[in-house]
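I'd like to ask you about the structure that follows.
Chain naming follows the written order as A, B, C and D, and within any one chain the residues start at number 1.
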Amino acid sequence: MEQVLQNLLHNDILTYVIMAVVPLLWILPYALFAVWLERKVSAHMQDRLGPMRTGGWHGWAQTLADILKLIQKEDIVPSAADKKLHFVAPYLVFIGSYAAFAAIPFSSAYIGSNINIGLFYVIAVSSLVVVGLLMAGWASNNKWSLFGAVRSAAQIVSYEIPTALALLAVVMVAGTLNLQTINQAQTGWFWNWYLFQKFPFIFIAFIIYFVSSLAETNRTPFDIPEAESELVAGYHTEYSGMKFAMFFLAEYANMFAVSAIGSTLFLGGWNSPFGDFLSGPFWGVFWFLSKGMFFVFVQMWLRWTLPRLRVDQLMYVSWKVLTPWAFACILGVGFWLML
Amino acid sequence: MTPQQISEKLKAQFSDRIREVKTEGVPDPSVKVAPEAIGEIAKFLRDDADLRFDYLMCLSGVDLGKNLLGVVYNLSSMTHRHKITVKVEVPVENPVMPSVSSVWPTANWHEREAFDLFGIRFTGHPDLRRILLPDDWDGHPLRKDYKVPEFYRGMKVPY
Amino acid sequence: MFETDIPKFKTSTGRSLRNEEMIINMGPQHPSTHGVLRLELVVDGEIVIEVIPHIGYLHRCFEKHCEAMTNYQQVIPYCDRMDYVAAMNMEYSYVLGVERLLGIQVPERVEHIRVIMLELQRIASHLIALGTYGLDVGAFTPFLFMFRDRERILDLFETTCGARLLYNYIWVGGVSHDLPPGFIDKAKAFCKYFRPKIKEYNDLLSFNDIFIKRTANVGVLPADVAIAYGSSGPMLRGSGVNWDLRRDDPYSIYNRFQWEVEVGKGEMGTVGDCWDRYMVRMREMEQSANIIEQALEQMPEGDVQAAVPKRIRPNTGDLYVRTESARGEIGFYIVSDGSASPYRVKARSPSFVNLSVLPEICRGAMIADVVAIAGSTDIVLGEVDR
Amino acid sequence: MYPRCRILVDALNVPMREYFRNIYRGIWTVLIGMKVTFMHLFTPAVTIQYPDVKLKLPERARNRLYVNMDDCIGCFQCDMACPVDCFKIETVKSLPTEDLGMTSTGQKKRLWVTQFDIDIAKCCYCGLCVYPCPTECIKMTDVYEFSEFDRHNLIYNYATVTPAEAAEIKARTAEYEKEQAAKKAAAAQAAAAAKAAQPAPAPPSGNPPPSPPAQSPS
């Protein structure tokens, strides 16, 4: 796609801008849809109806209306807040999750930046989110926000490790960090996916990845940074209006980002599960997005099922369950590869 | 034990400090004791092997009129399944009496409430503050001679 | 889980690090204090060193109001508003006190109707307690499931007395309305519908491992502390004390029915932890359903109002009456001076007393545990502050 | 200092079997929970679209009060029964020449009800006012949607006479009473004069009769 654009426009900068904006074209409608979906999923799981009015059919325009409302809302900054940090934080959070999209292959024809350390880059840049959250909690000058921020920093940093280790198992099999190449290696029927290779090691690695990705996106059962029954809203308690919407957007973007990485590494990304059936660059986008959305749905499903863990239990899960098992998987895969 | 036996036992132990015993013809048999002795009596009621009043059901302040404030202790024993009411009267000018919160910790908040609403001061209470009303409230509303103030911090009180 | 003392942190040169305790306010506006309770927490990081409850934000002068009423009947709506989640239990206790002062015997049918209503109310109240408890530990869905089922109970109440929450149904000497036609079938249908739902709650929440991890061994209330602090109801039974006023200080006709008193057994941890208190409530709902079914079976025909003088004037005297409300021992100390209005009414509300033990069991817990513990005491602030 | 600190959970103290069982139980119970919620995804919702669909209220529903003034005899029973004093009733005695008609229960109305206000914002819907009413003219209806922007609009005036008419009635009655009082006084004076003529020690009854309460005792 980059090549096509360059040939079309004969302008490097314009090409890059367009290339960079394309994921945004997906993220914004996706976030609107996902918020609506979350509401509907939660409602139906709880024998409710959820939004039904705005827009007619099943309240499809509800989130659109919410965004309009948030835009119009007064932007309240606490008088004792650190104004500059308070302003920067939500954007930094969003930048962190958006930057991760740069290396994610949406289809065989489109990847923001086809770098050979793609996976490494994604893991590294998504850690930027922590800085934003910590900043938000600190700048709010609110003890509860600070609690949320510190909790989220501890949580995300801890869960980076099992995440990275679980992904490492795949990288060992694939032998590359380039996400596009990893995808191409899984072409064919679904048994070619890494999920089903070196069974059960990569399968376990996938579960580890999924669990820790929940923690990285602050989703239940690991949503202690914004545990509404303990910390009210955690680090974004003092945010309102569009800045609050930024946090929201970042959260949903992050949800999709981790789902996308999961499906790219374990479920063949843009590959069709049925060999050549419905494959190709355009169908690739379809498969990629539907795999991603499936994981987003599972995240919602879990959220509306489970209670949340306590801080020490959270750490226990990370350090004493996920990390050792991830090591075991790496070891297993390593031995398998040596044989 | 029947209320009679309980009161006999108390009388034997505390003789003149038991002011009045009412066991007949009332819904709840009660023993009226001297205010200064309540701490001791409470301890005895709880610790005596035959009595074992381990459960303080309720502690209520009452404005008895005639310049008297009363405190009523409703006790029950989980081990022996008997009940007794202990009553204390103190003059309204100087409503001071020992606290029983060291005997039954549950009395802590009840006594704070009685202090809050009746102004009865319990000596030996660990933390005798107002509990239901704001700290700067004036007067003790459940006394019968209490006049509702017109304003509280500029807010009109009777709506 | 394990009792460990954290050593004082020292730097490499041996100086101790400066660490400060932080005071944070939980409430009065906080999602998990179940109303306007304010907890002053002294915390060291996530660990709570001390909890100081401040109450009174919802004080509505119940006792002062009672004295200002012109007759005994008018107090009943105020009793409803004390514990708005289990209003039937509240008004029943008060009415029982007035009836004892007057020496009235109520007809058999009234006793049965009252028992059915009280137990339905107990289920409804426990459903709220358990649902909001799920919410406190982060599970949202059980909350709405439980509200869904509570709604059926409220519908039953509404067809009977016209109100959904604040009933003013149990009156001195009887009840305000007879059961509407079809009530017995509907109530039976509810019991039948409700039992499988308990299993669903258990699957979804009670035996969920995360939930167990959050609640087992947390906020352990030993039996002797519970008794000394006057705890009652599920709070006391959760600590393993086999004590239920319905059985141990009998009133109404509870001794005619077959049912069990549920106590905490410490299945998932220590006896008296949050999970035990939670589970006592869950199992009590089933027992209440048992009682309701038996009472519906035995329901006699008859009048629903005993002969009561138009102006209720009890003789001079005082009494303390206690019954088992959904939250524990609700007691009324009523003093009558022979006039038409009560001279003094003191409400010994279970939540007020249960809450006073909170500082004791929260010490050394984490902030998230304080939420779990406060939720498991199941307080209703209307009743704490009166 | 930390009597029950639970931060440092030492995994080495946990037997290995317990560790694996923990993981197993964690995964298994999560799956059970997920099954429950997934099943509910396909069960029909129990909620309704409220303003479009409304549940039928039962017959006994206690909502907004309604007073049928045709039947009201101004007896103040509801006012006395009310625990929150939301009634404001004012009655004026009718003249013997006036006929106010009968209630549907066959009682003769003797009082003009010049004011009958219910502050529905204060009402606690306990229904205590309904039972003592001798003519069953006050009842609770099934109307529950009556929010207002101004709370003064929640004071419902049920009186059938306008304020002007009420003033007129009051004036009329006051005049009549003055007349009566004057008559009485004259009669009493005459009697006193008659009595004064006689030496008999009869008690003087010079006071006019107490007028009926013109205002509610609130």
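What we mean here is this: contacts are C-beta pairs under 8 Å (C-beta built on N, C-alpha and C of every residue); 3 or more make two chains touch, one makes a residue touch a chain.
Note that this is a predicted model, so its numbers are computed, not measured.
Looking at contact counts per chain pair, the maximum sits at C-D.
Averaging C-alpha coordinates per chain places the centre of chain A 62 Å away from that of chain B.
Chain centres here are Cα means. That of chain C falls 29 Å from that of chain D. If each chain is reduced to the centroid of its CA atoms, chain B and chain D end up 37 Å from each other. Look at where the CA atoms of chain A average out and do the same for chain D: the two points lie 57 Å apart. Residue numbers of chain D whose C-beta contacts span two or more other chains: 6-7, 9, 30, 33, 36-37, 40, 46. Taken residue by residue, chain A touches two or more other chains at 45-48, 304-306, 312, whereas all remaining positions touch fewer.
Within chain C, contacts with two or more other chains are made by residues 46, 141, 145, 148, 204-205, 208, 210, 366. Touching pairs of chains, sorted by label, consist of A-C, A-D, B-C, C-D.
On the side of chain C, the complex with chain A involves touching residues 22, 24, 30-32, 46, 134-141, 144-145, 148, 204-205, 208, 210-211, 213-214, 366-369, 371.
Taken in their complex, chain C has these residues touching chain D: 1-6, 44, 46-47, 49, 69-70, 73-78, 80-81, 141, 145, 148, 151, 158-163, 166, 168, 176-177, 180, 200, 203-205, 207-210, 217, 363-366.
Put simply, chain C touches chain B in their complex at residues 55-56, 59, 61, 63-64, 67, 100-101, 227-231, 241, 243, 248-249, 317-320, 322, 329, 331, 333, 335, 344, 346, 348, 352-353, 355-356, 360, 385-386. Residues 26-28, 54-58, 60-63, 72, 74, 76, 78, 81, 85, 104-106, 108-110, 117, 130-134, 141-142 of chain B touch chain C in their complex. The touching residues of chain A, counted against chain D in their complex, run 41, 43-49, 52-53, 301-302, 304-306, 312, 316, 320-321.
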